[in-house]
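Pasting the structures here.
Presented sequentially are two complexes of chain A, the first with chain B as partner and the second with chain C.
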Partner chain A sequence: MRTPKTLLPLALLAAGLTLAACGGNDSASGGDPGAAFAGATPVKGGTISYGHEQEPPCLIGGWVQQAYIERQFADSLVSQVKEGEIVPWLATKWKVSDDQKTWTFTLKPGVKFTDGTPLNAAAVKTNFETWLNPKSLNPTVDAYIGEYYKSSKALNDTTFELTLTKPYAPLLSALSQGYFGILSPKQLAKGPQVNCEQPVGSGPFIVKKWNRGKNIEFVKNPNYNSAPANAKHQGPAYVDGITWKFLGDQTVRYGSLTSGESNVIYNVPTVNWKDAKQKFEVQQYITPGRPVTFSLNTVKGPFTDKLVRQAFGYAADRKAAVESAFNDVIPYNGNGALSQSTPDYDKGLADAYPYDPEKAAQLLDQAGWKENGDGVREKDGKKLTVNLVYPAGAVFSAEGATALQNIQEQLKQVGFDAKLTAATQSEVFSGKYSTPDSYDAITWYWTSPTAGVLYIVWRQNLKDRPNGNNSSFYNNPTLENTIEKANSTLDPAEQKALYAKAQKIIVDEAAAIGLYTQTTSLASEPKLRDVWIENSQGEPVFHDAFFAKEGGDS
Partner chain B sequence: MSAAPITPVGPATTRVDVSGALRGVRPGLALAFAIVGFFVVSALLPALLAPYDPFDVNLRDALQAPTLAHPLGTDQSGRDVLSRVIYGARESLYIGLAATALSLTIALVLGVAAGLSGKFTDGVINRFIEVLFAFPVLLLALLFVTVFGAGTTTLIVAVGVGTAPGYARMIRGQVLAVKNSGYVEAAGALGHSYPRIVRRHILPNAMRPLVVLLTLGVGQAIVWASGLAFLGLGVAPPSPEWGAQLDAGRTYITQAWWLEVMPGLAIVWFALALTAIGRWIQQRLEGGQR
Partner chain C sequence: MKSVALKILGALVVLWAAATFTFFVQAALPGDRATLLLNQDSGQIKKRTAAELAPINEEFGFDKPLVQQYADYLGGLATGDLGISYQKKAPVTEIIGEQILPTVWLTLAALVAAWVIALLLTLFTTRRSRVVKTLGSGFETLSAALPHYWLGVILLVVFAIQLSIFPVEGGTSLYGLILPALTLAIPLAGFLGQVTRDEFENVLDEPFITSARARGMGDFEVRWRHALRHAVLPAITLSGWALGALFSGAVIAEIVFARQGIGQILVTAANARDVPVVAGIVMVVAFVYVIANLLVDLAYRIVDPRIQT
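And then the complex of A and B:
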């Protein structure tokens, strides 16, 4: 008899892994890695090899990952720059009627989709109708404007009119996102299946081929003439194309950059952040919208009691847990309602529920959850066990999972028995964790350039169904009315006050407990110049990027 | 796994002479026993050996390289890696033993039934084993994890079922060899009833190599289970299961080598030590051939 053959290779593999791990730390000298190429004049040619993380099920849709991709091949009506300021893109100007319900957009003339058809007002109208058609619904577009949309009209070739049911202040911010990229009606007519893989826009790049599980091949649109006003140049892209690779494993992704396989990568592993800063051009964007938070189930289980929700907030040092897990690279966001980079974010709530285990214990005592000697609190013979679900992998990073484990340990100290459940991407998207029975708390986020996202997340019901984005199942008419009023108020000061009031309700009621912000980070090799991150969603922009020649004219 | 060569066996009454056996123990084997002993104690009484609580988060000590205070370093949450490796032994060993037990149970039923039954049943069972064989263990395990979700029980069932066909075939061969041996024929000639022959002669003799299989199998099952956990398909963090530790430490591979090396070494050493012991037992059973 012999040793089973499978054992040896596996043992060798483990040993190899062991050796591979002995590389040790890199210590590069400081300084600006891009200094040699600063101010270089743009050079044409070359293909950018880009290492991205998540691969979506379709190239268009309502996930932020799809917005990132859509940005490459489609243009939106407007673009958002810092501080929520809106600049022209496909729409060169716009005006709104006195009752704030009718928006008229003037489109840039002479813009064509890459299939040769014209991008005119009729095409924009078709896009609005397609987004909101139940058969080809874009859930994110629907979440933003579904309730406000009344009709759209092509007044002439370059004038598009959008009529709303009620005033909607966040409209332009919403339109600046990649989900609202205008696509070719000729291609859209072929149905969602075709457009899932072969969407056609008017953007700087064209989807040549999507090799599922591997990459998307983009080629340059040689006739591009519709860059947004905040682009660094007008006209076609400098590079010939992008190979948009899916490298889900962050060690592999970073390795592809250090080995030269990739020219630029997305989501730099926080553990490699310092190293990346020394060797590459690094940029980070703090995503606005709903930050990563615990949504506490307010209709079933122990978190129906506000005192228990508040105790949960006080029980753990979330700030330290986040900062340690993310190696001080991604910021803690104590405000559970809005991310710190969102316009109208309330700074006063940044320190909501600081670490205070005594207060947590006192609140739990008050709520009737008593210590019983074995460390887990009890009430009426039931243990204080809470099931914390987090979407692992593509949605929630390894560092995020570490932060949760750190918090889990501290929750134990005050008598919570917190169980962590890692949900897979498919489980999350299939709705396995969408009912009050399926969790006590779930970690979730919703990236958005406007505080109007509060309405998406916190309203109780949509026209015809419960609001799936309200993952706390929280029902508070005062909150809902406050946000609705803020959305329809065009006076900035009044609007700010209303959004602040809404944030305060969410935080005081502990319906959501803040954790950290979503981010986009990019690390690019020094010779790749002018890659930038746009401001609505953190979409990477390659239209202005070029490969500088060695020893460029700095 | 290749079909096992059939071991010629003597009557069941032969016993292994333990004192004689230990005389042949080489230093390498002694080390193997020491390693297995250490991990068995770790599994049974982890608190005795571990300097810290394996779940004790200490953020200020996160990602510390090995020092006197933390001989194997600390992980991303400041937990002591040595303590986690020690506590992880229980989970890994439990999965290894349980998966092997399940695997051998399935293999016994199939193998003995095939070996003892007539041509037709033997054929049916053999085809069934061949179908199982067609699935690589990992693929079968992945199937289980996909259908039933990740977790300790799934891991045990997946590895147990996945490795069963190889054993089943070995046991069938063993049963066939014993069934046709001289002493079984002699027992038949002496007028012993068939059930008695099966009970007294065939089963005991056919089962002896199982001791070896068990030893080798546990090591193999631990490697499989760690592999699945490494792919994120096993026990969920913060469990200190060795494979889960490897998976969690993967992210830090360029900054904190000890997170991969330490649990990796535990897996490698333990599996190698069990293999060495298994081979030694095998040699003893085969009459001291080297």
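And then the complex of A and C:
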């Protein structure tokens, strides 16, 4: 009895800690972890255990988390592949009228929702009307097409006609996103609560049960016959289902992959990136659309002066700050208007505002902000204080916050008194930081498969036509006209030139300063083949995935 | 009889106060609730126009005067209706009902584990050799100060990820319950142990202990049958508080070990200012405190029959 048994756990803990400390040094094996299974023929069966990150409040809606999920159980009209090319999905072909206001879609015949109702033109019409009905509004659909949508009509069972108020060239790109998944009208009629938990589409999987706080159980749709043209095979999924788990903590998520509790996980922690590349099949998706940028407040405070905005750009080594904070996993994006993976992105602006503190100082001198004794510049007795607001938490990871702190230090060296404000999720969403008096700069982004997103972000914010997404409050009629023209031309070369011009205006005016791209990644165990990431929102696709048999020994 | 009625009345007052406080805090925070719902559902942070907000305000009654919203809310509570979640669209009772059991199991497991650890520490390390004593009280002091998040991550990394003794995802299995329960139990055990140790030392000096020893009773029996009974009273009192604290603190273990439970729901609901869900959970937690304190009264009477009301 003299030996206290209760001390055993303590000793174990100490031993375990030592072990954990040397656990990081796994020997580098190099090579392709999936090589043994390359070219394996698809095998049927098995359930994919997928470790995802965030859980949305409902399974359908306008948040990217909902697009990810909708991709599993619903099909969209079209799909987008690299470089903005559009391929058929539920729509086998489409045409647009000469005035670009009427789009006619021919639907694949014989497609049924998983509740047995036919997926016809009338069903597509019901979906458009539901998305844009104020009572069941999908705010993301509304942001893309609300201003353009006029009416929709079922010409016959397989012909759907969409009428717009004005030309909208990025329409097909917009429709390729998971938010635009077509749902069963019969189920939609049952109201929001039912569709929040049990939405019904025509996709490769069916929502069997959602265990809130834990997982979604998907089973395969045995009658699936409507895969997009960019799928690797037609017909039902190879696997029997997916267990879509919510593992919010990144240590748990990666641990569940290494321990074999998950076959595939979302967002590999950047600290585990190198390890994951050696052991697993890793894919990274660089999110197109608006990158993570500083929107500079152009109507109030020091950033009303273009010279000060430009000085802000030159003052800090944003590239180094991003690369070190994200362990070289997430790319720096110097172009403040568009992410490098967006079709029509202008490469020429990739190095906008490189680190040049002398130039920053010179621009500030020119703008009248003079050095004083304590290192903070002053003009007319006012200090050069800028409040940089960023959303803390899941939207802006701890790594992002580290990058901002590095930038803040460098801003101080040229005489900015830079303050960082971490806003809580409920503060940013409730509009606390949506007015010109609430910040000097704010960081945000917008995932989008088209440069047409420029219209959403940069359209002028006018009294009769407010645009709350213009978080720089930057009103420039030339810019708006340029984007609008680009959005209404179908000639790719002309469109590219116009979008390039728009990007140049935003960058030259320093209305937004680029930071980094949102990225998502998947890591899967080598025997799980053909998981892929689609191109519009980075939605994981499991329809083609299968478990390859081990090389003869098991 | 009178005291029972008083206790029930007191409990009702506590519940009402909890509901009222939550309602007003959530409603009065800066920013607009309808804007929050629209923006959150589309990943935007913009200012919304009156036309955009009107249907949401109407749907959830945000356009009514706050006093009336409060009255409607209390009216619902009186009839057992906690309302409908703004965000999840489902009735709050259903959401909580789905999530409460895993949290209850976690809480109870943690409380039991904490007591076992604390009792073993007290029995085997109080008034022992200097080394053992120091180790025992040192462990208590150290563990009482451990932050749950840190401890949870360490347990996870060491025992689940590196040593693979336990599953990484807690899940609902009994086996998966061990690490999350220890995450909550270890700091509490340190705390209960500290309190019990002081009392235990005092009791060991009491004359009745000396006389028990004089009757030839063995050391362990003296400790187990006589001294402990007296020494645990303060810790029992604390357990009422601890049960409530564990229940509301379960969120950290739930997040680290990816467990279902009301803690996770509470965090997302608070972020979304989903008032019915937040208020519902606060009510449940308040209810747990009330019940736990009643149980403590009862336990007191069992341990020490001298106490009468």
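Note that in this section the second predicted complex is superposed on the first by the 521 of 554 C-alpha atoms of A that agree within 3 Å, B and C clash if a C-alpha of one lies under 4 Å from a C-alpha of the other, contacts with A are read in each partner's own complex, and residues count from 1 in each chain.
Simple rule for what comes next: a residue touches a chain if its C-beta (ideal position, glycine included) is under 8 Å from a C-beta of that chain, and two chains touch if they have at least 3 such contacts.
No experiment lies behind these values; they were computed from the predicted model shown.
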Of the partners chain B and chain C, which touch A:96 in the superposed model: first, second, both, neither? neither
For A:251, using the defined touch cut-off, is the partner it touches chain B, chain C, both, or neither? Pick first, second, both or neither. both
Can A:410 be said to touch chain B (first), chain C (second), both, or neither? first
Touch test for A:43: chain B only (first), chain C only (second), both, or neither? neither
Touching A:143 in the superposition: chain B (first), chain C (second), both, neither? second
Comparing chain B against chain C, which has contacts with more of the residues in chain A? C
Under the stated touch criterion, which partner chain does A:432 make contact with: chain B (first), chain C (second), both, or neither? second
For A:422, decide between first (touching chain B), second (touching chain C), both and neither. first
Under the contact rule defined above, give the chain A residues that sit at the interface with chain B and also at the interface with chain C. 1-2, 4-7, 10, 17, 20, 23, 249, 251
Using the touch definition up top, name the residues of chain A that touch chain B in the complex. 1-7, 10-11, 14-15, 17-18, 20-26, 249-251, 254, 269, 271-272, 275, 317, 320-321, 324-325, 392-393, 398-399, 401-402, 405-406, 408-410, 420-422
In the complex, chain A residues that touch chain C: 1-2, 4-7, 10, 13, 16-17, 19-20, 23, 55, 57-58, 61-64, 134-135, 137-140, 142-143, 192-193, 196-197, 211-214, 245-249, 251-252, 255-256, 258-259, 261, 391, 424-435, 442, 444, 446-447, 466-469, 471
Of all residues in chain B, which touch chain A in the complex? 1-2, 4-5, 7, 55-57, 59, 62, 76-78, 137, 150, 166, 170, 209, 212, 216-217, 219-220, 223-224, 226-227, 232, 236-238, 246, 248, 250-255, 257, 259-261, 264-265, 267-268, 271-272, 275, 278-279, 282
Chain A partner contacts - residues on chain C that touch it in the complex: 29-33, 35-36, 38-49, 54-55, 59, 84-85, 87-90, 95, 98-99, 117, 120-121, 124-125, 128-129, 132, 135-136, 139, 153-154, 156-164, 167-169, 220, 254-261, 264-265, 268, 270-274
